[in-house]
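Structures follow.
Look for subunit A in each of the two complexes below; its partner is subunit B in the first and subunit C in the second.
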Partner chain A sequence: MIQSLILSTLMFGAMFSVLTVSLNLQYARGGMINFGTVAYFAAGAYAYAIFTQEPPSGLDQYAFGFDMPWWAGFLAAGAAAMLFALITGWPTLRLRGEYLALTTFAFAEVFHSILLNERRIGNGSVGMANVERPDPAAIGLGDTLGYTLAACALMLLTAWLFHRLLASPYGRLVDATRDDEIAAESVGKDTARVRLQIFVISAIPIGFAGALYAMITTLVAPALFSAEVTFFVWIALALGGERTILGAILGTMALVFFQELVRVIPFETVRGAQIAASAEEVITGILFILVLRWQPWDRLSRKAGS
Partner chain B sequence: MTLFLQFVLTGLVTGCFLILATIGFSFTRRVEGFLNIAHAELLGVSAFVTWGCNKLLGWHILPSAAVGIIVTAFAGLAIGRIVYDPIRRFGPSVMLITSVGVAYVIGGTIDALIGTGIRTLDIPLATSYRFWGLRITDYQLLVVALAIVSSASLALFLNRTSTGLAIRAMSANPELAASRGIDVRKTSRATWLISSGLAGVAGVMLGVIATLSTDIAFHQILQILAVAILAGLGSLYAVIVSGLIVGVAMDVSVFWIPAGYRPLVAFAVVILVLLFRPQGIAGSAAGK
Partner chain C sequence: MTDTILKLDGVVKEFAGFRAVGGPEGLSFGVRRGGFLGLIGPNGAGKSTTFNLISGVMPPTRGSVTLDGAEISQLSTAGTAALGLGRTFQTPRAFGSLSIIDNVMVGLAHPEEGPLAAMLGRWKPAERQFLGRAEAALERVGLAGRRHDSVSNLSGGELRMLEVARQLVREPRILLLDEPTAGVDPALQGKLSEILAGLHAAGTTLIVVEHNLGFLMSLADSVVVLQNGALLAEGTPDDIRRDPAVIAAYLGADHEA
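Showing the complex of A and B:
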């Protein structure tokens, strides 16, 4: 049981870490508050499902199913998230701070509502079940272990790429854009363009993570992609301490571990399970408030620095 | 045509409810300077306290509603003192994100105490009136009346009483107001009591005109945000106009497109407005 707990923590932790690391790039480095993270995640998952699903038959209401191999769906997921980031980022990025937060939140809600109501995309609220996925047994791995490794690989690749990107001169341009836009523009940098680039680049791994999520759960449905995912990622980011990639990953792992731990407790009654779920929500919220209040990570790093 | 007008009328009622729900939110934004995502959860607190007194204790609706509103007002004050006051120095972004945590705590507590299922208050059935073929119920009229009374008394309070003027001074320039001898704690206490009390009124009305379930608060925050953005964050009088616009837009849209798209219509309006006028209807400063 402990083994399965660790494996599922690693699997979902690594997958959500991809989101946290991308959000870290947008917020801590780009200075953009994206409260619609789940939309890019959902765009990836739906793109993957639509590209790999067989053409509709019987009771299916979705209009498109391209029946393509999984890697084509995976690439499509990244492309879909990128495209969605371009569409939503281009008009909204001139907004700042809380206005940007609210507009991205609004876009995510609109997208969620479309997925829920427009049955031709993915069967509406029912969603698409039995999503195709590569079988890890082909390379001699167990199901869970295979996807855990895949999630970790995606996480490490994302973290490494973002690390390299930000260590480069381009990373300093990003920091300059965040810290002093006027100064950056006065030396001839197109800051609007840099913000859009960061926004779009960081959406791509979120789309890939969405595809991976669709493979793991073999289901895409609007209920899986509510604003709670966005809040979850933000809480994880705050837990880990902003501004470092390692912090983002550790924060996500800790939060996922906590949730998985609650999930393995066996319950006798439905009411018991419900109370446990609510308690989990309350404790998550309290943790969140406390971490933001005392900001322990900042203090630790300051102590280490001095 | 009558059907269309009926949708417009229902939309106006929805708009009045949205005004009630949003005006406290905008008031907090104006004075405390941040977006309190947990504001909608206060509606839930009020609705379920009222429900508890009304249904479980068997009280009449009026004392139940009074208890609900007062409990909510003081809950809001307590949260403001315990959670938001210490983090004010970190700025509005941290306060915005913290309020998500507060929403989690309140939402989870309500979930644990109440459980799933649909609840209704123990009140007489609505009586329906007809004018020129249009129907309106007495509870809907009550919502309209309360929206008018609440916004009018808030305006009177802010313009005529010394506490109200002190609150306006605080929101315009906190340092100057403090140095002129305004009691900061007193004005901040009044702010929290008023904004949470307004959430309490809206919560009771939610229980009166709709059925209650524990996820109801979360659906409200979406519409509250839509109205608040449309009005321009922090402006109070524009909330009245934008509440009516969003309410009518949502309900009239049902005339042409499926009802499931109602929330989408609210946000479509918001996105359009933000793209062309980022500061909202009444805002003057550029969206920054």
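Showing the complex of A and C:
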């Protein structure tokens, strides 16, 4: 049981870390609040499913299934999230702070509603089940272990690339753009382009994570991609301290561990399980409030600094 | 015929109906290539707004601004900067999360500044050479010893010099400075005066807004005086010092001509 707890924490923790690490880039470095995170995740998952699913037959209502290999679906997921970021980022990135947050949130809600009501995309509320996926047994690994390793690899690759991205003149330009756009413009920097680049670059791994999520659950359905996912990754980011890539990962791992812990408790009654599930949400909320109120990471870093 | 690099023609800027720049018939004046123009006038005369209109921080309500004959009044700040225009701000601007040397490095047009170059690590060779240029600029403004310091530890005058350094590394063709000596101690003012004289000698066109007339009049070769957004007088520093209208409006009756 302990082993399965650790594995599932690592698997979902690493997968959601891809989202928090990307948000960390958008928010902590780019200065953009994206409250529509789940939409890019869903775009990736749906693109993966549509590219790998067999053409529709029988009761299927979806219009496209390209029956392609998993890696083609995986690439399509990254491309879909990137495209969606371009489409949503282009008109909205002029907005600042809370306005951007509201607009991205609205975009995600619209996207969710389209997935739900336009059945030709992915069977509407039913979603697409039995999503194709590579079998880890092909390289001698168990299912869970295989996908845990895949999630960890995606997380580490994302973190490494973003670290390289920021430890460079480009990173300096990103920081300058966030700190003072007019000053950056006055030395000839195209700050609108920088903001769009960061928005789009950070969406790509979120799309890949969406594909991985579709492989793990073998199901894509609107219910899996509600605004709760966005709130979840924002809470994880706040828990870990939004400043560093490592903090984003640790915060996500801690939050996922906590949720998985509640899940493995063997409950005698349905009532007990319900109470535990509610308690989990309440405790998550309280944790969030406490972190925001006391800002322990700021205090720690100030202490380390002085 | 003099060679004009920058030309304002009938420029007007209104904020919610209030005409900050332009006066009754719009603001028009030219700046000689390689010239050193002093832009003076009482508080609220429209000097900083004029800088904003030239550098693309905001577009004029009407009128034209041309740089080397090309219309620039609708360009963005980045657009005018790309044409070789540099400027500082009356309230100094700095990148708070960057070190002092990085604040200057941002001023350079790094050839490998894109995201792809960053991920591939292609930026490193050029960075070393650029670092040398940024350090030289800091040396010139007297901040060399502070290069790894945080911006929040700089005084107001030092922030101003940092902003000058960020523009210096870019080697702009035309540089606009908004009250560069405000809050800067006499020693640093001397340094600044040397820097400006050096730029002038090297052929850079300079436009400097300044209330410190002792500083400005010794450097400028021509002066434009604004009042209520309109041109009050234009001429050499000596002409301006003797101009009765300028004395009445700005210099004060007890001004030593």
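Some points to look at:
Heads up, the rule we're going with is that the second predicted complex is superposed on the first by the 306 of 306 C-alpha atoms of A that agree within 3 Å, B and C clash if a C-alpha of one lies under 4 Å from a C-alpha of the other, contacts with A are read in each partner's own complex, and residues count from 1 in each chain.
Just so it is clear, contacts are C-beta pairs under 8 Å (C-beta built on N, C-alpha and C of every residue); 3 or more make two chains touch, one makes a residue touch a chain.
Small disclaimer: the values here were computed from a predicted structure and weren't measured.
In the superposed model, A:Gly285 makes contact with subunit B only, not with subunit C.
Measured by the number of subunit A residues touched, the leading partner among subunit B and subunit C is B.
In the superposition on chain A, contact is made by A:Leu161 with subunit C only, not with subunit B.
Once the two complexes are overlaid on the shared chain, A:Asp175 sits against subunit C while remaining clear of subunit B.
Contacts of A:Trp70 after superposition: neither subunit B nor subunit C is touched. When the two structures are aligned on the shared chain, A:Phe257 is found in touch with neither subunit B nor subunit C.
Per the touch definition, subunit B reaches subunit A in the complex via residues 34-35, 83, 86-87, 90, 92-94, 96-98, 100-105, 107-109, 111-112, 115-116, 218, 222, 225-226, 229, 233, 258, 260-261, 263-264, 267-268, 270-271, 274-275, 278, 287-288. Contact residues on subunit A toward subunit C in their complex (touch as defined above): 161, 164-173, 175-176, 178-180, 182-191, 197, 201. Remark: subunit A residues 33, 91-92, 94-99, 101-103, 105-107, 109-110, 113-114, 116-117, 227, 231, 234-235, 238, 271, 274-275, 277-282, 284-289, 292-293, 295 touch subunit B in the complex. Of all residues in subunit C, those touching subunit A in their complex are 55, 57, 76-78, 81-82, 86-87, 89, 93-98, 102, 105-107, 109-110, 112-115, 117-119, 121, 123, 127, 163, 166-167, 170.
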